[in-house]
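For reference, the structure I am asking about is given below.
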Amino acid sequence: MTKQAQPQAHGQPEDDRLTIADRTFSSRLFVGTGKYPSFETMVKAIQASGTEMVTVAVRYMNLDNPGAESVLDYLAPLQCHLLPNTAGATTVKQAVRMAHLAREATGTNWIKLEVIGDDRTLWPDTAQTVEATRVLVEEGFVVLPYTSPDLVAAIRLEEAGAAAVMPLAAPIGTGQGLLDWVGIRRIVERVSVPVVVDAGLGVPSDAAKAMEMGVDAVLINTAIALAQDPPKMAAAMKYGVVAGRQAYLAGRMPVRDEASPSSPAAGVIRETAAAGS
Amino acid sequence: MTKQAQPQAHGQPEDDRLTIADRTFSSRLFVGTGKYPSFETMVKAIQASGTEMVTVAVRYMNLDNPGAESVLDYLAPLQCHLLPNTAGATTVKQAVRMAHLAREATGTNWIKLEVIGDDRTLWPDTAQTVEATRVLVEEGFVVLPYTSPDLVAAIRLEEAGAAAVMPLAAPIGTGQGLLDWVGIRRIVERVSVPVVVDAGLGVPSDAAKAMEMGVDAVLINTAIALAQDPPKMAAAMKYGVVAGRQAYLAGRMPVRDEASPSSPAAGVIRETAAAGS
Amino acid sequence: MTKQAQPQAHGQPEDDRLTIADRTFSSRLFVGTGKYPSFETMVKAIQASGTEMVTVAVRYMNLDNPGAESVLDYLAPLQCHLLPNTAGATTVKQAVRMAHLAREATGTNWIKLEVIGDDRTLWPDTAQTVEATRVLVEEGFVVLPYTSPDLVAAIRLEEAGAAAVMPLAAPIGTGQGLLDWVGIRRIVERVSVPVVVDAGLGVPSDAAKAMEMGVDAVLINTAIALAQDPPKMAAAMKYGVVAGRQAYLAGRMPVRDEASPSSPAAGVIRETAAAGS
Amino acid sequence: MTKQAQPQAHGQPEDDRLTIADRTFSSRLFVGTGKYPSFETMVKAIQASGTEMVTVAVRYMNLDNPGAESVLDYLAPLQCHLLPNTAGATTVKQAVRMAHLAREATGTNWIKLEVIGDDRTLWPDTAQTVEATRVLVEEGFVVLPYTSPDLVAAIRLEEAGAAAVMPLAAPIGTGQGLLDWVGIRRIVERVSVPVVVDAGLGVPSDAAKAMEMGVDAVLINTAIALAQDPPKMAAAMKYGVVAGRQAYLAGRMPVRDEASPSSPAAGVIRETAAAGS
Amino acid sequence: MRVTVNGEPQDIEPGTTIRAFLEARDIDIRRVAVALNDHIVPRERLGDTRLADGDVLEIIRVVAGG
Amino acid sequence: MRVTVNGEPQDIEPGTTIRAFLEARDIDIRRVAVALNDHIVPRERLGDTRLADGDVLEIIRVVAGG
Amino acid sequence: MRVTVNGEPQDIEPGTTIRAFLEARDIDIRRVAVALNDHIVPRERLGDTRLADGDVLEIIRVVAGG
Amino acid sequence: MRVTVNGEPQDIEPGTTIRAFLEARDIDIRRVAVALNDHIVPRERLGDTRLADGDVLEIIRVVAGG
């Protein structure tokens, strides 16, 4: 039931796949599609990220402009899995309904479940998220719930059948990084489904740090979309995730209290020959 | 004289070379050669790191075993630049003497200057390091001094002719990461020669964070050599450095206080059709 | 509904009372009675702390030793309010039952509600805690629930009628300090009942930092009981709480990016008289 | 030569005096006199702080307004020691000259030595500060040098005869708190003269944290003078310093990785009587 | 005949199927999900589901989101 | 006659009141809470509540805790 | 006769002592330090030190500072 | 004849060159730096520099280090 925080180094990276439910991923970076300056930039960023799964939302169509370009037109050639979300839901009922409609609209039974409990911070309502997970799992969905770094909420989500748990690093869209990284690490140590850090990461070092703790994947949107150069930042995030994952597999050196030289202590050259012996 | 903390995104990575004195580097990761379990592992790690410059030390030969394998036999095929150090020196005179001998033994006039002021912490004596820099620069050396995160010491080193300044992240060999990252950032903002973070980094997220702040390169030894799988950790560090550098070039999103959704606020699907209008 | 993070400085400390439900406190430090080396030391520590409310637990009496000294014999002379807890409960039913028995045994309808969701970390089960709060409030209890730093859980507890919310700083008994202080601050900003930080504080600076953020009180047990000198540490905690509270009321200086001298910039004395303008 | 980071708890607070050179202090808080909204507020703040030593600067008199009120008129009744500083000096010569003039103007041979190496950050030039310390100590001054958190600089200052060393917490006037607290702690562990943290503290929890690490005293100016209510903040700082000092003497609990309950594990009340045995 | 579509009243011809309604507005039915009076109408049933007076129709599309 | 007290079986005389049971063991009734068969017995009722065979009695005290 | 005081030129009567110079300006000599041509003049010597043409005088006071 | 090499006394034949001294010990001269009485002897001069009694010789090699 418990994962190792520091595994023995093993295998080659090419063998290091992530499996969630019935899908297997080579890339441990998932990417959101919101907030890009243009669909063209979004496509370049997704390509640069190397991701194999992107999130999308579902919304009422604006009937005044039914022919508006669809994000799907841009995503289709990219061969990524779609992960529709329930963003905007604040109740179990609303989230479940959005999941049904998302499944119908996208053809996938995967759902990124969000049930927001506070509008200002977009903090999840974990109790309702657990309940919605239970309902949707029963209906055959593969549920990836967005949650807080609260340990027991993550355990309850796993018990409810979540295919992964997705604790936030910081409030959505803030880029503040891993505020409660101890909380995330606690979840990694105690939950056996994959842990995907979702929301709040700002820079690749945040992503790398999460992966070094044994997080299985990260989901990033704003930090790429609102970078000055989104495709370059997408590449940076790709490398950050790979770096952190490889470090986790490589097994980091233990942190030491005391300094220790990198060059030999013996045979140090004297100030003068005369000082010899 | 002053560098930008957040440059406009520019150029392609392939154009993003680092120049120190007369050498130009594609890789911004320098690697130490100490403490590996074997020379074979060291070679694999150096190769995996993609580095173009490695440090070495100079020591009295053990005459009881003059035929002992030389690290140079292993390094020669790798086509890396050598950066000999003055590790072990505690006075200007000793450091200068070690630099002379290192130049003679290696054929390079580059020197990683260390003058240690405290044996237990291996903390640099910045005043003596400034003095030794002055002497060695006058003698034609390309001097890369190891220093503390003290801003004025870094400024004085630049004034003394250092080709780069190399503030420590944490005491040598501890892997504690960027203890005084604000101090490092202060140096990056005020010094015009390249800044190379040397010593104390533990994981790729440390390296990435340093690079994101505008550090020009990092030098890593113990964190690779004492990882459970040094070559894999070397690759992880490579990716971490690239991630941080790319992020710096890409221009990170501004950190925000308030949450902001990644999916549209308009058109959110209602709980029930009846709730309509 | 929302409290100010930085109020206008106001009033004298003697006017700065804390009211929870029907009780008013001059001291903003609550103290636990567990883990002391002896009851005598506990009494001295409680006196040194200046607290006006201490927690106690309820347990089955050991019938093999029914005459064992009671903690109440030691507490009675101290004139502190008692705050019995439900420590050990893992379900709503068990917690409610413990509350009933605690009320009968102590004569107070105040209860520190704990419903643990994970035995190893003693992390609260916030969903069950909300449910138990609802039940106990309906029955006329004054409920002070122990919770995680999860914002929405705190909001739900307030909605359920909690007289205060008591988010943890770190796992019980660890002394790790304010791990997720941003989470605590978020609760302070959004909840209108008093916020009492409970569990995990280790030193007075932790307590002061919490109070500076606008937390209304702190509850400390292990950090006092397991200090080398518990009464002295109790006094230290008292001062830390007062310091943080006074600072909150005094209104801290804004943090500045740039240095600014404390002595006048004009009229600086020259190196030599000859240098004169 | 080395102090204990965690002493055995000892003595009563009234015995816990701080001795620097020939003066003994009951209060471990020193206060600067700059930047107050008025001299009246300054006086109230100094009184509220309980300090026994305040800093002052020396400047050319403005001959257009020679009768301007003197800070000394306000300080005289307070019976505090004066600690004149060399604020504004950027060279050894200038600092030494200011020390001479300060001694003449104030009648004390105590001097807070500042030699600034960078105007923008007001970062000390530690090499010149060491040199100026040597000169002034030789001339009979009691020298308290402002320095950076650089360990070897602190050791060199002690060797030069400094009566105390005063590392900065953060740049002067910023209120950023203990940026490099590990650096400060390193100095505390290795230097035998008193360590006074000077500059950059913002709130009492900063002061308490410094004292908990074994720092001997703190010097605060801007954080009091620019608070919304300076006298109240001065009192808060007083309590913060006392809290941190008492905690240091009391001996903190060890930080633990694992949670541990504060209430007994045995005898927990069951959910129902029927569940018994 | 009046129906409510995405919260807005619309007048349509009696007997109109959902598919006809959508196609008349150039809406690609492969890209939407449709709910009628709170129940999802599978894509293959859009052509034989007729709207009635007072019906509440919801047309959902996929949009960019995080 | 056998009852269960705090999970342990105890043989007692028929007709014993809870108060008598407690006082026989030097238990100060002002310092405990008592439940009989899952229901709390108020302190003032302890003297007129008699134990019956098979009863489950719980005696709770206050202890130090955090 | 011209001297420089705190960097500014001043015309004064020949033979003026520093003390007289200060008192003429209501400067309390117990609160200042004085340097003449780069050398500090002790307070008790101010009364018998006369200014000469071209002298550089510095008058320093204590101010609030951190 | 006695010289000091890397701090240790060694007896050698009078007239020995540094190069001969090194080669006799299988030391690859392209991989070392040599100082004689505190002065570095360039590699190309090792063959014509003869050791004298009381000389202090230092032989330095490159080692792994950080």
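By written order: A, B, C, D, E, F, G and H. Residues from 1 in each chain.
To be clear about the criterion, a residue touches a chain if its C-beta (ideal position, glycine included) is under 8 Å from a C-beta of that chain, and two chains touch if they have at least 3 such contacts.
Note that the coordinates shown come from a computational prediction; the quantities given were computed from them, not determined experimentally.
The minimum number of touch steps separating chain D from chain F is 1. If you take chain A and chain H together, the chains in touch with both are B. Looking at A-E alongside B-E, one finds more C-beta pairs in contact between the chains of A-E.
When chain centres are defined as mean Cα coordinates, F lies farthest from chain B.
Each chain gets a centre from the mean of its Cα atoms; for chain D and chain H, those two points are 56 Å apart. Averaged C-alpha coordinates give centres for chain F and chain G that are 94 Å from one another.
Per-chain CA centroids place chain A at a distance of 34 Å from chain C.
Touching two or more other chains at once are residues 7-8, 35, 58, 60, 63-66 of chain G.
Contacts with at least two other chains are made by residues 32, 34-35, 55, 57-61, 85, 87, 101, 120-121, 123, 172, 176, 221-222, 225, 261-264, 267, 269-270, 272 of chain A. Inter-chain contacts, as defined above, occur between A-B, A-C, A-E, A-H, B-D, B-E, B-H, C-D, C-F, C-G, D-F, D-G. Residue ranges of chain C in contact with chain A, taken from their complex: 117-118, 120-121, 123-127, 130, 148-153, 155-156, 176, 179-180, 182-183, 186, 190. Per the touch definition, chain C reaches chain D in the complex via residues 8-9, 32, 34-35, 55, 57-62, 85, 87-89, 91, 93-94, 97-98, 101, 120-123, 171-176, 202-209, 212, 221-223, 225-230, 232-233, 235-240, 242-247, 249-272. Residues of chain F that touch chain C in their complex: 5-8, 25-28, 31-35, 40, 42-43, 58-66. Contact residues of chain H toward chain A in the complex are 4, 6-8, 35, 37-38, 56, 58, 60, 63-66. Contact residues on chain B toward chain E in their complex (touch as defined above): 261-264, 267, 269-270, 272-274, 276-277.
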